[in-house]
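I'd like to ask some things about the structure below.
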Amino acid sequence: MTLLSVRDLRAFYGDFQALFGVSLDVGDGEVVAVIGSNGAGKTTFLRAVAGLIPVDGDAIRFAGEPVGGRPAHELVARGIALVPEGRKIFPSLTVEENLQIGAFRRRPGPWTLARVCELFPILGERRRQRGTTLSGGQQQMLAIGRGLMTNPRLLLLDEISLGLAPVVVSAIYRALPAIVAGGTTALIVEQDVSQVLQVAQHVYCFRKGAVSLAGRPADLTRSLITAAYFGT
Amino acid sequence: MGWVDAAVQGVLLGGLYALFAAGLSLIFGVMRLVNLAHGDFSIVAAFLALVLVDTTGLNPLLAPIAIVPLMAAGGYVVQRGVLNRTLGRGLLPPVLVTFGFSIIIQNLLLQIFSADSRRLNPGGIETASMALGGGLAVGWFPLLTFVAAVMILAGLELIIGRTSLGRAFRATSDDQETAQLMGIDHRRLYGVAMALAFAVLAVAGILLGIRTTFTFSSGPDRLLFAFEAVIIGGLGSLWGTLVGGVLLGVAQTVGAKFSPAWGVLTGHLVFLAVLVFRPAGLFTRGSGR
Amino acid sequence: MGAVAAAVVLVALATLPRWGDASLMRSLVEFIALLVLAQMWNLLAGYTGLVSIGQQAYLGLGGYALVVLADDVGLDPFLSVALAGVVAAAFALPTAAIVFRFRGGYFAVGTWAVAEVYRLLIANSSALGRGTGRTLAAVFPLARETRELATYAVAVALGVIAIAASYAYLRSRFGLALMAIRDSEPASDSLGVDVGRTKLMAYLTAAFGTGTTGALIYLNLLRISPDAAFSINWTAYMIFIVVIGGIGTIEGPIVGTAVFFALRELLSDFGAWYLVLLGTVAVTVMMVWPQGLWGLVTRRWDLRFFPVQRRLRA
């Protein structure tokens, strides 16, 4: 079943157009990757799906219903959660409180404080500390855990490997199967192609605000991806 | 009265100032809004209580039961109806609109209630005092006010520190956009915050009206003293606000002992001194704003 | 366009003592006073982004400075008007040192707090007449017509200089810097604009203008008291005029002052309702047409008498 269906999505920042008719599908229970270089429109795309940017109502359909342009807080209640670029941990809140705030809407589902701490034990150990005192990798785990606390049907992950050592990134990606097993579909945006292609069932490549390549990782050669990524 | 007496009076007065300051501080913390009509709304509460007392004969000490929910609802409406629309559009709209409210409210009160001084009369408790020994006497009512202030501040601390709502306040204050990603509707949250601030203002206004006379133009001074208490105590700390209020209260009462005209001015000078020598206030949490 | 209109107005003003009566002259003095006050507030808020609700401090200081300079020091009262502005600007320096620590809403309250301090200090000073205030005695020897004519001349001079200076100032580098700061302090800082100094210059200029106007007002009224001179109502008038007329333009305050006067005439029998209405109109305009009445005009017909915007020619 298609959980997320995007058709001809356009997005603007004022007069500046960032997305030019993007179309893609995400099936229920899948892991889908969106890759592309800086400025390709990947983050803009996620923000549009998450409800932070005003877009055409019909351009985005979630679980069959048009949700384009609906405010972010409403989409959280419907089951779309964004783990934002840069993590955006709340500095005034402790680790535990950062997780608890994810459950603000109290959507029913398998994810609880205990279960998130099972997935990322370091969060349980550091629960009373201020969220921003954690290391980069730990903060990324916290941001993901916080997103999980909303019990999303669709989890959007924006550049989770940014600024982190490969070893740390691998550790985070190892948590992905548990997340999907819990019933969450994942849409991952990455600049670092290698990690995400190992876990995704489908990959889309963005270039200059449009989709330049789509397919299954197994079917795509390195040269195809490079061409789509850089436009050579 | 003696110096110690004056100081004690100042401390108790400080409790009331802290109540006024708490609402101002809460709103600024959550949404970076300074409501220039803050004091005027508390006077509205005092006048509402006056009307209630005059028509029903109710003791003013019980007036909060009716006035607090009424003011809270009013705060929610004002925030969602008008003030939310002024946010995120630069510095001018919130200042100008709330200033406009201040002028409108004062002149409406003047038209409706005339310029006469009013007072809420709880039937004697406001003048009763109890002896503390050593020749020191403390009024029941100022003591009651102080205790009420401390309890309300403790309640606010509890809400902010321990509840889901309080977490939402802090998260939204940190990063409004990411808070939206948690499912927090900031427009509604701001409405709730203003309702809470108005509820506290209502209590403060009624206590003020019992303690002293008030008129249509009493609002701005409330804002001023609230502001001074917040600055002296330091932004971001509710208990700091209590200390700030107390210091201000003591400065005013002790200053008034020198000469009645110098009471308020002494408070201003202490405020300016703190500003010049310790701009972050005495108890700022984190980096201060 | 602006030049023609300005010339017509100037001629009318210059010849007014011939064809107008004393009460018209007095009204014009008041009009000009409010106009300059509004222009000064506009300079701070509309152009620099400094929203002050304490400008009445400089109005009061200017007024009292006039009385002190004319009566106690013995200077010519009409020339003292400008000097009073300098006194006000002198007080603005330490005030800025204090209030510039704040931004936004707290800056506004801070400016008002300082204004209150000045009011209380003066109200406690017996040399300055305490709460009852003082009367400007230096003009008593003059014949009434002479005094009124001289006051009118001072007012016209002030009005013309204020508008011309605002226009020139805003079209200069300083004006550009001001508007950059209003739009974004960090951005203009990174572009090499000395934010602190520019803000201070704007603040001192506004204090000077407000102080001079305060002196003019009390030259006209002859009697000053702390509660009247330092009343927040002055700020209310300034703000309402600028908001209703159009913030951030030079024509706006002119339109706003005219509306203010018209409303005052219409509602003079209604007491405090007048301010309620004025406040409501200002709040509504702020919410619905933030550019004010003049903003509506420029939108519709692209009419500008004193253009200070810069446009890129394609």
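When the chains are written out, they are named A, B and C in that same order, and each has its own residue count from 1.
Note that a contact is a pair of C-beta atoms (placed from the backbone, for glycine too) under 8 Å apart; a residue touches a chain by one contact, two chains touch by 3 or more.
For clarity, every value in this text was computed on a predicted model and none was experimentally measured.
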Checklist entry - Can you name the chains that touch subunit B as well as subunit C? => result none
Next on the checklist: Of the chains shown, whose Cα centre falls closest to the middle of all protein Cα atoms?
Outcome noted: B
Checklist entry - If you take the mean of the Cα atoms for each chain, which one ends up farthest from subunit B? => result A
Next on the checklist: Nearest whole angstrom, what separates the Cα centre of subunit B from the Cα centre of subunit C?
Outcome noted: 32
Next on the checklist: Rounded to a whole Å, what is the gap between the Cα centroids of subunit A and subunit B?
Outcome noted: 44
Item to check | Cα-centroid distance, subunit A relative to subunit C, in whole angstrom | outcome: 54
Next on the checklist: Two-or-more-chain contact residues of subunit B, please, as numbers and ranges.
Outcome noted: none
Checklist outcome for this item: Touching subunit B in the complex, subunit C uses residues 45, 49, 51, 53, 98, 101, 103-106, 108-110, 112-114, 116-117, 120-121, 123-124, 232, 235-236, 239-240, 243, 247, 271-276, 278-280, 282-283, 286-287, 290
Checklist outcome for this item: Per the touch rule, the subunit A residues reaching subunit B in their complex are 50-52, 71-74, 76-77, 81-82, 84, 88, 90-93, 97, 100-102, 104-105, 146, 150
Checklist outcome for this item: Note: in the complex, subunit B contacts subunit C through residues 28, 32-36, 82, 85-86, 89-101, 103-104, 107-108, 110-111, 220, 223-224, 227-228, 231, 261-262, 264-265, 268-269, 271-272, 275-276, 279
Checklist entry - For subunit B, which residues are in contact with subunit A within the complex? => result 164, 167-168, 170-171, 173-175, 177-186, 286
